[in-house]
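My questions all concern the structure below.
The first chain written gets the first letter, and so on, giving A, B, C, D and E; residue counts start at 1 in each chain.
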Amino acid sequence: MTDTAIAPTAELVKLENVVKHFPLRRRGFGRREFVHSVDDVTISLEGGRSLGIVGESGSGKSTLARIMLGLQEPDSGQVDVAGVQVTSLKRKDDKAFRRKAQIVFQDPHSVMDPRMTVRQSLTAVLAQHRIGDGPEREARIVQALREVGLEAEYLDRYPADCSGGQLQRIVIARALLLEPTLLVCDEPTSALDASVQAKVLNLISQLRRERELTMVLISHDLRVVRLTSDRVAVMYLGQIVETADREELFTGARHPYTLALLAAATHVKGDEQVVAQGEPPSPVHPPAGCRFNTRCPLATDRCREEAPQLAEVAPGHQVRCHRWSESRELLAEITGTEPHDVNDGV
Amino acid sequence: MSVLDGPKTITPATLTPDSAPAGTVTRRNRTRALLRQPWPLVAGGAILTVVVVVLLLTPWIAPSDPAEQDLTQRFAGSSAAHWLGTDQLGRDVLSRMMHGGRFSVTIAGTTVAICAVLGTLLGILCARVRGAFDEFVMRVCDVLLAFPEMIVAMFVVSILGASKTTLILALVVGGWTPFAKLARGVAMEVDARGFIEAARALGCSRSFIVLRHLLPNSLNPLMAHAALRFGHKLITVGALSYLGLGVQPPAADWGSMLAAAQPFLSQAPHLVVYPGLAIFVTALSVTMIGQGINARRGSRS
Amino acid sequence: MRFLVRRLTVLVAALLAVSFLVFLIPYLTPGDPTRKILRGRVNAMDIDPAQLESLRAQYGLDRPVLVQYADWLATAVRGDFGYSYTSQAAVMPQIGAAAMVTLVLAVGALGLAIAVALPSGILAAMRRGGPVDTAITTVTQAFVAVPEYWLAPLLILVFAVKFGALPSAGWAGPAWMILPCVTLALRPISYFTQITRASMAEVLDSPYIVGARARGLGYYRTILRHGIRNALIPVVTLLSVWLGGLLGGSVVVEVIFGIPGMGRLVFNAVHNGDIPMIQASMVTIVTITVLLATVTDVLYTVINPTVRGSHVGS
Amino acid sequence: MEPLLEIDSLTVSTRTTSKRLLDGVSLRVAPGEVLAVVGESGSGKSLTALSIMQMLPRVLEMSAGRMTLAGTDLTSLRRREIDTLHGGRIGMLFQQPRRMLDPTATVGSQVAEPLVRHLRMSRREARRRVLELLADVGIDEPARRAQAYPHQLSGGLAQRVMIATALAASPPLLIADEPTTALDVTVEAQILQLLKQKKRELGMSVLFISHDLNVVSSIADRIAVMYAGRVVEVGTADEILTQPEHPYTKALIECSTLRTDASGQLYVIPGGSDTARELDHGCRFRPRCGLTQEAHLEQVCDAREPVLLSIGRSPAEHECRCWGTAEEREGA
Amino acid sequence: MRPIRPLQGAALCIAALLTVPACGSFSSSGGSANAATSSLTIALQFTPKAGYALETDDAFVLAQVGCLETLLTYDFDSGELQPLLATKWTQTSPTAWDFTLREGVKFQDGTALDADGVAFALNKLLKSATPPRAFTPKVVSGVQAVDASTVRITTPKPSTLLPYRVASVNTGIMAKAAYAGRGTDVIKHCTGPFTVTAQKPQQSMSLERNESYWGTKATLAKAEAKFLPDGNARATQVRTGESQIGLGIPSASLEELSGDKSIVVSEAATPRTTGLYLNYGKAPFDNPDVRKAIQMTVDLDAIAKTIYSGTVEPASGPFAANEPWAPKGVQPAARDVEAAKALLQKAGYGPDKLSLSLRAYTERPEMADLAAVVQEQLKQIGITVKVTMTDYAGMEPALLGGTYDLALLSRNHLTDIADPIGFLEADYTCKGTFNISHYCDPAFDARLAQANSEKDPAARYTIYAELAKQLHEQAITVYLVTDKTIAAKRAGVQNFVDDPLARYALTPQLSQTD
């Protein structure tokens, strides 16, 4: 599925030390508090490759996607996408950039204006970019719909008259109208039923192949990421805690959190010790030291005091953990099992 | 559970999960809304249309000159010549009501229109710009909202003297604030919805986003509010005229007609009943329109 | 409570802004501002031109406007707004008395409104879509369109003149409150019923009602324990807005029923161009309204814990 | 063993259009057993739960069927008895735990409600018991949490609170309607662990509703698969997961694994489940079914609705509603 | 009535709301149904605004309720001065008058009325910031006590009219203690037949019979005076029986009241005339033909019959026919629209050539209708009239500045003292302070000066009559109607007299039976 036939080119997406903290509503004269959404993230992705970003709610992965697309201004850091300095994007260059990078959001119903028909929504995109004239736009739209497996009859429907799966395909068609080189998919299937999810995932990989798209796919579901990504980055509380090529990550993950995710995804019957304890802490007050220390069965005093840095544990495999060298073994001891392959679940 | 292929026809609203898109609910309700158009909207709209048309055509269709007197025909009841009878100077009540209504409705309408446009623009601007500007405008709103409308109006009239313009001005001073608050709220709500961000991601211009997405999606609650406000303003204008602070004689509006008829309440009740009814029916019609719009909105979201 | 501090800051700022506007009234109205200011200070029908200059100096009216404002504010804060042009008496005690009257009137009207609106709103919500709901909704919506200057004379005609059951005008005891309160209550009844109905309907549709029933509370107990309290949150908010609104908004009713309240006071003051009275009443009304809003906000946080500080996660 | 909960041909339809939303659903839950009901959205899982709780929305009516809980007929209960049922004999978990709690009341007071209602505890007693219950479901600092308001809890904590509430009166049956769907995966695993642990401790039965076969696989003793308001297959978890018979079950399992075929494609069930609603005769799965064509059963499937037939080695343990499988068996 | 406290009031209100039927009995206790015959409620037109400061109109209220008394009083019908607190008045020198006080008069607080107290009270009035026009330092130089029962009032110039000044209600005398604070403390400080026992600002006053009154004791034991500025409200009060007497009933309410058998309406001529004022100082009103034309056009009969419900007489000059200074035999101008048109034509104003503005004020309820009628009738002779109505304050600058065309005004010609000289002087002399007609005729001024120095009233009145006739015949002002004051009372009220000068209402003779 992840076709490596596409030759990697130069770096298309490059984020350096990106930081984004959202201020909370100030109360009284107290210190303004911030949600540490994205904390010092550095990512790069070569053209034609696909990157999966995995994390739970509140990990900052969606914020990261928005920063890539210039939809959210980072507090600091460099964002370089498709040769464009996204952080200092001028208004006049905005349209040109949009034609290079597009995004598909989680909930297709919310991203379509309920008062516009599918035709209106799609034509508007072309009109805004001054692409083609009336008949040509119509032709392009019909073509785009066909490409995602929908008939032209959907053009006159309102979003409310389409099912989620259909609508998600329309949204993908809309994003591809501008023929971008980069497509960011933020949880593209998590709002869909299992049978529909497969359909959309198939479509995404197919389009990626046909159009030689560079992709960033964000999901909380390791299996989805595994299907679609060449490289995987795992995020926890605004930080990347582990990043590696797909196979390396799924077989040789070293961060206890990654291992917890893998374990949780397998849904093994029985009473194994759950490897991540407790609840994720608030991103407003991330724990000192290693951010995972409150839930990590391996946490030591050092973990509670000193924040670990991303360490290169193998070529292209970085882990943010003081105890990465022994984590797999120690966890295996605790749970009494070897980490499972995620697909072993059912 | 997340649910997209196929409408979730059977899940009671109480169990609709967070993640369920509004769409599934919307589709069901739209069909229902089509089946059951809110009757207040239809009825209110019909009444208002009649009122407005009559008032527009008044110079041509009014049975007589509203100032024409017949001192021998005072307090006459309904007759072929005077459908609604005559007043204390033998003037035709119907004609006076038609002409008076033009005052009442124009002043209320103009006021609401100005308030709506001004308030909506400021509100949307607040929602778009945010920051200090937003804060400032909202605090100004708070202060103005603290003044009861009648007090502000009386105050302005006392400074500038009673006139149509003063009246409108007096009502606009505080009248724009609810629109600003509402528009800001709605715009922020709409702004936070996915399709605005999607439009940005697709490279749509700001003006396109505001005009084609933000405004149409904010319009319904604003229109409903405007309708409700119109009814309210109609009554307030009448109150000011009633107190002698509004439309000044010899011009008359429904409020001042009521005031003038007060001494004859039991002798010639028609003089009190008809103008009061005119205010009531007109105010009721716009209220119904407002409620209708709200009901339609309510059944959709 | 930091939030309260913030609220109070806004309150003070608002009052400063309003007081400055109010201070400027003598300058904004036609005529010589100095004379007008002095009339209120010296308490004279008019100022002897010969004394004008010395008085001007004595009362510091030759200083910059902002300094004068500070002065004026300092006296105003002590409740001294000078003397009324018409009654020749200090304005503040008169306003105090009038405000009390209006407060009683407003509380009476709102009490009546609540007494009618809450049960009907809740009932309508519980019987949503049925004939009871339609009847309640239709009638209360129509209430909003009834001009009080139409209703009041009709009420007087029926209850005072025809039946002689209630007094027609004046302010001498509880019986005198009934007709004005009924007149004033009509509109709040309408709004409160609609708000109660909408909010109760929303609450009844809320998952936590299902949750509470699943705990075995039973339908009526659930509504009692978890429904009504939640449904009342928006009503409470509305209450103070209305109380403030009635404080100056009952002009027509006070005039028709001859009630010596704030509305008639302001009406007379405006009519007579009684500037000190206008100034003091404006400041009073705004102070009370903004204070009420603050009280509501506090109350709101008390009855609605969700607006209090939230802990995300642990 | 005598089943704890027995549902026999439960049918639910709308009052106005008489459209059947649940059609002849029969389920049995043995004491101490976890029965998982699996299906996609609109299949009728949640509705089944509501029917058992006698909490159907006014617009719907239970038009047929029999339901007994430990021998008591649930359909003929009086209002007061229903109140006792809720929380007293059946505990219930929901998908959005935070939203099922009154936002204006403290957590503790709500956990105490079933104690006071069903166990007739005094307020003080209840308050003490609440802390134990909270600690029991793995909540740290129960005293502090009891004072908290629902919005101050994370999703996982809120679900723990709900579990504490649902189990407060030790009901013999727990209905869990998608209890982990809204939770993060790591937390989901914890909650599932907790449920398993509680079930073992209290020996209660669980009716576990989920769309996610992966989740179900970790907890279920038996599985019932629903499609378009009908149970299409029911059997032990092992059998359903390893030897599914119904084409829909097979497809669902195939989808759930997210495994690609040789060409790199994921398996997709053709058509959409909404088409099933429009059918008024024959097998509801027919338009999406591969088997129909394969086995040349178009006429049969089109004409008659298949019945739930017992298959497999231990009768009554594995049933399937499909002409195709029935045919096979007959043929075999 | 005791003032209600807010909380108590609220509680009572709620209680009352719950028991609406019970309220009937509540209100009827103050009503006529089972009222004690010795008490009564009166609805007054004026609301005291200035804390009963005697230099203001508040003095009228105090006099009306039978509290405040003056040294002398003026009989409106006979035109003569009569003793009240003073029994004798003599001019001891051209600039001094001596007044002998009545013996045995006591204030309601028990202190005796003596010359010292009277001098104190009157000097206080004289020195007030805005002394009443009847008693200003311009016309009175001082008041001294000559002996215990004699008060001397001196004037800067010789004055024959001074006794009239001390008949003005503003010169009422109250006990010294009443003047202690700002305004006047009215509780138990008068000499009159009724004692104020309680008062609620803007609302009402409670009165009791003054048992130690020097004259005839009041028949009523108790009375309540309500201040109701709204005329309709006063009329309603009488209809509902909440008040037994209502003063200043608007003529518009008359037809309603007259239908009620249990109500008696009384009318009394007032020294007040409503006129259409013309701006003499401005074209075209310098042309007598235009003025005449307007005078001939306005239908006085119709106005009197409709707007005033027939309570008033068409005016034939500034004074009512029954006044001693009214010219004899003068008739209201005859209506003749055709002649008026001809006059207008003659003056050079053909049909629709003349466009005038008419100003009127909103304080008097009949003005709006009056303006409408005048506007409509002048249309008949081709004069277009644009009506502007404001409150009086908004209109006065235009009147005094002479920037108006037509104005409707109701003028009292006995404002200060019971002699119309002040009115004639102010309104029609070249230097008149209220000469809004901007009329100036040296001959007129000279004739009026003669009247001022004339001691014999009859001779004075002749001059007034002559001047009044001139004003009417030259149509300086188009006098419309001579006003009347209307009072309504319930049939059970006996011996009520409506004073045209609004000086008294509650009198010792007043009684109430069922």
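Observations on the structure shown:
Methods note: a residue touches a chain if its C-beta (ideal position, glycine included) is under 8 Å from a C-beta of that chain, and two chains touch if they have at least 3 such contacts.
Just so we're on the same page, UniProt names per chain: A, D = Peptide/nickel transport system ATP-binding protein; B, C = Peptide/nickel transport system permease protein; E = Peptide/nickel transport system substrate-binding protein.
Computed from a predicted structure; not experimentally measured.
Greatest centre-to-centre distance from chain A is found for E, with centres as Cα means.
Centroid distances built from C-alpha atoms place E farthest away from chain D. Annotation: 47 Å between the Cα-based centres of chain A and chain B.
For the pair chain B and chain D, the distance between C-alpha centroids works out to 50 Å. Each chain gets one centre point, the mean of its Cα atoms, and the points for chain D and chain E are 90 Å apart.
The multi-chain contact residues of chain B, meaning those touching 2 or more other chains, are 1-7, 13-15, 19, 262, 265-266. For chain A, the set of residues touching two or more other chains reads 163, 165, 193, 195-196, 278-280.
Listed for chain D are residues 40-41, 94, 96, 99, 154, 157, 211, 272-274, each touching two or more other chains. Partner chain D is touched in their complex by these residues of chain C: 206-208, 210-219, 225-226, 229-230, 233, 303-306, 308, 310-314.
Residues 40-41, 140, 154, 156-157, 184-190, 192-193, 196-197, 211-215, 217-219, 241, 251-253, 255-260, 264-269, 272-274 of chain D touch chain A in their complex. Touching chain C in their complex are the following residues of chain B: 13-15, 40, 139, 142-143, 146-151, 154-155, 157-159, 228, 231-232, 235, 238-239, 242-243, 245, 255, 258-259, 262, 265-266, 272, 276, 279-284, 287-288, 291. Per the touch definition, chain C reaches chain B in the complex via residues 10, 13-14, 17-18, 25, 28-29, 141-142, 144-150, 153-154, 157, 161, 205-207, 209-210, 244-249, 251-252, 255, 263, 266-267, 270-271, 273, 278, 281-282, 285-286, 289-290, 293.
Taken together, the chain E residues at the contact with chain B in this complex read 231-232, 235, 250, 252-253, 255-256, 259, 299, 302, 305-307, 360, 362, 365, 368-369, 371-373, 375-376, 387-391, 394.
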